[in-house]
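Each of the next two complexes has chain A plus one more chain, namely chain B in the first and chain C in the second.
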Partner chain A sequence: MPGADKETDLSERIESFLSELKRCGSGAGSLRGSAETARETTALLRRITAQARWGNAGELMEIIRKEGRRMTAAQPSETTVGNMIRRVLKIIREEYARSRGSSEETDQQESLHKLLTSGGSSEDNFRQHFTHLKANVIEAINELLTELEGTTDNISMQALEHIHSNEVIMTIGRSRTVEAFLKDAARKRKFHVIVAECAPFCQGHEMATSLCKEDIETTVIPDAAIFAVMSRVNKVIIGTQTVLANGGLRAVNGTHTLALAAKHHSTPLIVCAPMFKLSPQVPDTPYNHTKLKSVDTILYIHILSKVNAHCPVFDYVPPELITLFISNIGGNAPSYIYRLMSELYHPEDHEL
Partner chain B sequence: MAGKAGKQSRPRKAEKDEEEQPLQAVLVADSFNRRFFPISKDQPRALLPLANVSMIDYTLEFLTSTGVQETFVFCCWMSSKIKEHLQKSKWCRPTSPNVVHVITSDLYRSLGDVLRDVDAKALVRSDFLLVYGDVVSNIDVSQALQEHKQRRKMEKNVSVMTMIFKESPPGHKTRCEDDDIIVAMDGKSKRILHYQRAQALKKLHFPMNIFHSGSDEFEIRFDLLDCHISICSPQVAELFTDNFDYQTKNDFVRGLLVNEEILGNQIHMHVTRDGYGARVSNLLMYDTVSSDMIRRWIYPITPEANFADQEGQSCTHSRHNVYREPGVSLGHGSQMEENVLIGRNTVIGANCTISNTVIGANCVIGDNVTLDRAYIWNRVHIANDVKVKQSVICDNVEVKHGVVLNEQCVLAYNVVVGPDITLQEGTVLSMHHPDEEDDEDEDEFLSDDDVGYSKDKTKQKGSCSSYFIMLFQNEVHGTLQRGLDENISCDNLVLEINSLKYAYNISLKEVMQILIRVVLEFPFQQQGAQISTAQYSSHLLPLLKKWAPVFKNYVKRPQDQMDCLASMEEVFLERETHWAALVKVLMSVYQLEILEEEGIMRWFKQSSTTGKSQQLRRNQGLLKFIQWLEEAEESSEGDE
Partner chain C sequence: RLPEHVQVDDPAALKKLAKKLERQQVPLRSDYGYKVSLFSHLHQYSRKSPPTLQISIPATVIHPSIVRLGLQYSQGIIAGSNARSVALLHTFKQVIQDYSTPPNEELSRDLVNKLSPYISFLSQCRPLSASMGNAIKYIKKEISNIPSQCKEEEAKGKLQACIDSYINEKIILASEAISKYAIEKISDGDVILVYVWIHSERKFRVIVVDSRPRLEGREALRRLVKKGIRCTYVLISALSYILPEVSKVFLGAHALLANGYVMSRVGTSQIALVAKAYNVPVLVCCETYKFCERVQTDSFVSNELDDPDDLIVTRNGKSHLENWQTVKSLGLLNLVYDVTPPDFVDLVITDLGMIPCTSVPVVLRVKNVDQ
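So, the complex of A and B:
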């Protein structure tokens, strides 16, 4: 039966995606960037919409929520998965509202006035069936996919406004967004880049090699020298793993040090992050994803049983240390992040 | 032209097919030893929980993440439980990348039996991974696998197995002392030249021929930890089938190394530096591997990863390696200090201090409880004021208030420990009576670990060999009896005794001793133990005459004569009343030319240690005989 085949095919794909997620976080599988994960999540959600059995928007949202919970549980540190799920849920809500004919987009927001006047639950919980809902949702998801593909280019296009000639830029670790950003600026401007190596995985080395290939003058420094070198730096440009709801960052370890040093020297800190990294999480649950991979740590520390070795992967950077967020929709201040979030996600979807 | 292209592409395609064979693994879910008794009486070792996840799940996760696509799980003890567990687990879902086949049989007695079955069923098509069900590891085997395949391609099928070791300094706690090995290897090709278990040995001997291996880089290493993971070629299974006495991996390795010149097979090794691999072979290793897991040394296999995909088992990871599953409630003032894993729906009372502990699901723990390095499994009730130090408490145990468990105690399933009891170090409490163990099958389980365990070794080896000797003795008696009844010729008797010797693996010396013993005791067997000396001799001497050729076949060298006499001495020492008969026996044996004067004289002159044998030598009859013998000697020399 083709229906049953489709369903098993779908669940197989979901399972394989889940196991990929579980493994990629550890570095055992292929290391993925957040953009790839976002794209694959969205593609999978599109497939679920197309192939799963649902009669109305409510059911579809339930299905997506259920799969979404499993996906986020598989790899909690990979927040782009949850973000894409919330985006798709928002898309479904919008399409449903459009199909119903209520054209005011502002209906979506809870406001005091609405609470007073409407009284009780306004929606009929998405139970109405619309024949074209599926096609519309899939089309909207395709638009989302196109947007995802263009994020890095959109960000790089803004590079020339921010980087001027003969500037010294500092960055930390390896971010594909920042790399593209700097390479784009390097086509027209000449500047210097200082890369902090970000031990113990030393991703900064790869970043420096890659920048060198584009003839950008690069210097690699150890993390301990960040403060010392900061006085000579004009701008700090970094990438991040997640942008939190309060405007703070969850970025690679060492970023907090960098941000504090920049604040001390009043050097502007610019964060290049595409919109799909924006997450409705708040920093009260510090999930500090610990890894232990370094050979040196194992060899001599393992001998002493009383010693615990910690190797946290992420840092929290509070919003007051950040100057500017550059995303695919333009530059924004950290205090504006909450507003951007309300445009991307529906408040009921914050908790999957 | 098309034809030629076709021909060219076909061998290439065949090669590609060969390379794309899915990686297979053989998982032996039975350890063939009783290290975890009495815990493993109720639950097979592979299903015991380590950090609240069954051990076999860790092994399967290791295999799956290293790219194995087909696993054969072999179970013997309590196989139905293992099968049930696997079928409910994520490995048997249709979407699992690793297809798991469970094969059960009650006849497996050792690793050798399993591999012979693998060969008989022709399950493996190409190189496979061989692991035990209690291996916990995160090693990425693909590099070792590449090297192995390369080696086999370069020298056609000479390398039979690649063993995986981890570098680990001696004395490190992850090294199991029973498993310590010393390895001599060729530094360049990583070939194993000599392999020996090093436990409790003060001196080690290396045969000279390993130094002539033809390479100039030679390493002797003691810093290796055996991960019990091996990459085997299909030849391994065939070799086990060919050699029926290979029972354990140790046998196999040593056998191969000894027979290397004849068969030309080689074993190589792969040493990993990063990556963790250990086998939970006894309770101390259980403690070590558990605490390594909690302290995240086996990343990416960590408790909160929930790789086994169990519902409701995802836990949160907080500072100081404290993991909590959903539904945990902690009383007021309780401290989870560090390295603690608490299972779901567990209730912990007030003012408890918990550190370096794993607690299972649905436990109820009272107030003022101190848990340090405790491993508590599911549904355990612990009342107030209990102290537990480095102990294992299994499912459904009830510990009443005021109990103190000192180090290395084990409370097996369903035990209830009463109020205000202090258990000494190393106490094991179980619902199973210890004597119950003996009525299990008499067949010996053969595994590498037994050889290492020093106390058990003497008991086990002793009981094993004396058991066989008993059997042999009975068989010889039966043979001789039949020889008498049916008038079988001595040649045939010799043939029968020889075949019995091979069947029971008895040495030649022992054969002779037992033969003497049986013959000398024959009259007692026939006519009861109370016969007089005269009756005894009259019965025995014709028998000696009849079976003289049999004796002559076994007593050839002077040493044999000494052994023969020693054996006779033993028999007669047991029967003090019949010493007079000894003279007659010696006389007849001498006359039948089974023994010679020199032998007898030497034996007589031998200074004996026990008072009884000294007394024997002072026996009148014996002295007279010896005197006569000396005179006879002189006279015979005089004649010549």
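So, the complex of A and C:
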């Protein structure tokens, strides 16, 4: 039966995606960029919409939520998966509302008012069936995919607005967004980049060699020298793993030190983050750090048992230390992030 | 007068140095690799080409133990300002032992002249540290104070005794005094963060912070574990993760400058900065012989550039920076020291007691009056 084939095919794809996610986290699989993960998640969600069996919007949202919970459980630190799921859920709500003829947007704006007056969940429970809903949702997801493909370019296009000539820019570790940003600016302007290597994985080395290919003057420094050279730096431009709901960051370890040093020298800290990294999570210590033991830092095997070694992967950077967010929709202050988030995700989807 | 090792970008100064070294028959060491433009006024040497390669064996002008010491410095076998000063003083003892006054010369003047090429050679191997500079000044002063009617054997004996007492008082006993003061500051159950080595015995937990490329924390870790202290080990990038657990931070110093700035291993200022942000007290342990009359406000004007090849690392079988010399616009920066502003430091523990950072010129003045 074609229906059953489609379903098994779909569940196979979901399973393989889940195992990919799990492998990436343990470091065994290839390290993919978040953009790729976002695209694959969205493509998978589109496939679910197309191939799964559902009768109305409510059922579709349930299926997606269920799969979404499994995906986020497979790799909690990869927040783009959860973000894309929430985007798609929002798309479904919007398309449903549009099919019904009411406008969902006024509901959003008056949400505080609604909270005070109605005090309960919305009376709309998405049970109505619309024939064109599937096509509309798939079309909207396609638009989302196009948007995802253009994010890095949209961010890089703003590079020349922020980098002038003969500047010294500092960055840490490796971020594909920042790489593209700097390379775009380097086409027209000459500036100097200092890359902090970000031990123990030393991804800064890759970043430096990649920047040098475009003839950008690059210097690699060890993490210990960040404060020492900060006095000569004009701007700090970094990427991040996640942008949290309060405007803070969950970024690679060492970023908090970098942010503090920049604050001390009153150097602007610019974060290049596409919108799909924006997550409704709030800073919460247990989830902030993935503990990873890096074999290289432990040299003396015989004292290994008597010593605790810590190797956190992420740092939390509070919003007070950040000057500007550059995303594919333009530049924003950290205090505006909450508003952007309310436009991207529906409040009921914050908890999947 | 500006020291030579911060005038590398001045061709006139370089010429002067070359002439002086030629006169003293000390080999001139050439810089290695692409230097980051901000540091073009400093030397950058490679460990693979020590100046000892250019000396003929047996060396006629330079005493063999000085050659050995120079090699140990340039290869990093002896590292750390205390170790370097002690090794220097022991070597000078040997030199004085083997010295014999030529006829018609006075020991007090000739010995000082003999020491000059040795000092030039050692500074070619590795720029002298502030502590070594102070030790050399002390020795020179002692030598020139030898009265002319003093017999050679007696003079030599006196000098050896002076050096021994200097090492004993200023370095060994000073460390013990500092440990005693430091112990007072540690309470039971504290969690201490160290970036350098100290010794004591209360019940506390130690977190050792380490940084690439030297990874000196591993040695400290080994010694602490031997003493049975519970230890944790992190790299410096994990600082903001570990600091909420820490009650005090102990740092070592390479030198204390007259304007209150602390010059020490690179990364110290970062630790002090983040500790300040988390309101953790920062204590610096430093012997008084490391106090220095220089002033400095940033880590650029006077520093040391270590071998840039140390930054190369292999992960997963790939080392991205392996051929960094061939890549046109790439520079590697391996700084050795940095300066910490005094507002990050809460207390300095010295052998004279516990003083704030800004009291350094007072101590220097007292010491000068004593002498």
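What we mean here is this: the second predicted complex is superposed on the first by the 319 of 352 C-alpha atoms of A that agree within 3 Å, B and C clash if a C-alpha of one lies under 4 Å from a C-alpha of the other, contacts with A are read in each partner's own complex, and residues count from 1 in each chain.
Operating definition for what follows: a residue touches a chain if its C-beta (ideal position, glycine included) is under 8 Å from a C-beta of that chain, and two chains touch if they have at least 3 such contacts.
Keep in mind that what you see is a predicted model, and the values were worked out from it rather than measured.
Peer 1: Is A:N308 touching the first partner chain B, the second partner chain C, both, or neither of them?
Peer 2: Both partners, chain B and chain C.
Peer 1: In the overlay, answer first, second, both or neither for which of chain B and chain C A:E12 touches.
Peer 2: first
Peer 1: After lining up the shared chain so the two structures overlap, which partner does A:K22 touch, if you call chain B first and chain C second: first, second, both or neither?
Peer 2: A:K22 contacts chain B only, not chain C.
Peer 1: Could you tell me if A:S266 is touching chain B, chain C, both of them or neither one (first, second, both, neither)?
Peer 2: In the superposition, A:S266 contacts neither chain B nor chain C.
Peer 1: I'd like to know which partner A:A73 touches here: chain B for first, chain C for second, both or neither.
Peer 2: It touches chain B, and chain C stays clear.
Peer 1: On the A-aligned overlay, A:E197 touches which partner chain: chain B = first, chain C = second, or both, or neither?
Peer 2: second
Peer 1: Which partner, chain B or chain C, is in contact with more residues of chain A?
Peer 2: C
Peer 1: Using the superposition on chain A as set up above, list the residues of chain A that contact both chain B and chain C.
Peer 2: 298-299, 303, 308-309
Peer 1: Inside the complex, what are the residues of chain B that reach chain A?
Peer 2: 65, 93-97, 138, 140, 169, 172-174, 273-274, 291, 295-297, 299-300, 305-307, 314, 317, 320-321, 338-339
Peer 1: Residue numbers of chain A touching chain B in their complex, please.
Peer 2: By the definition above, chain A touches chain B via 8, 11-12, 15-16, 19, 22-23, 25-28, 73, 287, 290-293, 295, 298-299, 302-303, 305, 308-309.
Peer 1: In the complex formed with chain A, which residues of chain C make contact?
Peer 2: Listed in rising order, the residues of chain C that touch chain A are 36, 38, 210-213, 215, 218, 221-222, 225, 231-242, 265-267, 269-270, 273-274, 277, 298-300, 311, 313, 315, 319-321, 327-335, 338-339.
Peer 1: Can you name the residues of chain A that touch chain C in the complex?
Peer 2: Answer in residue numbers: 194, 197-202, 205-206, 208-209, 212, 215-229, 231-232, 253-254, 256-257, 260-261, 264, 289, 296-300, 303, 306-312, 315-316.
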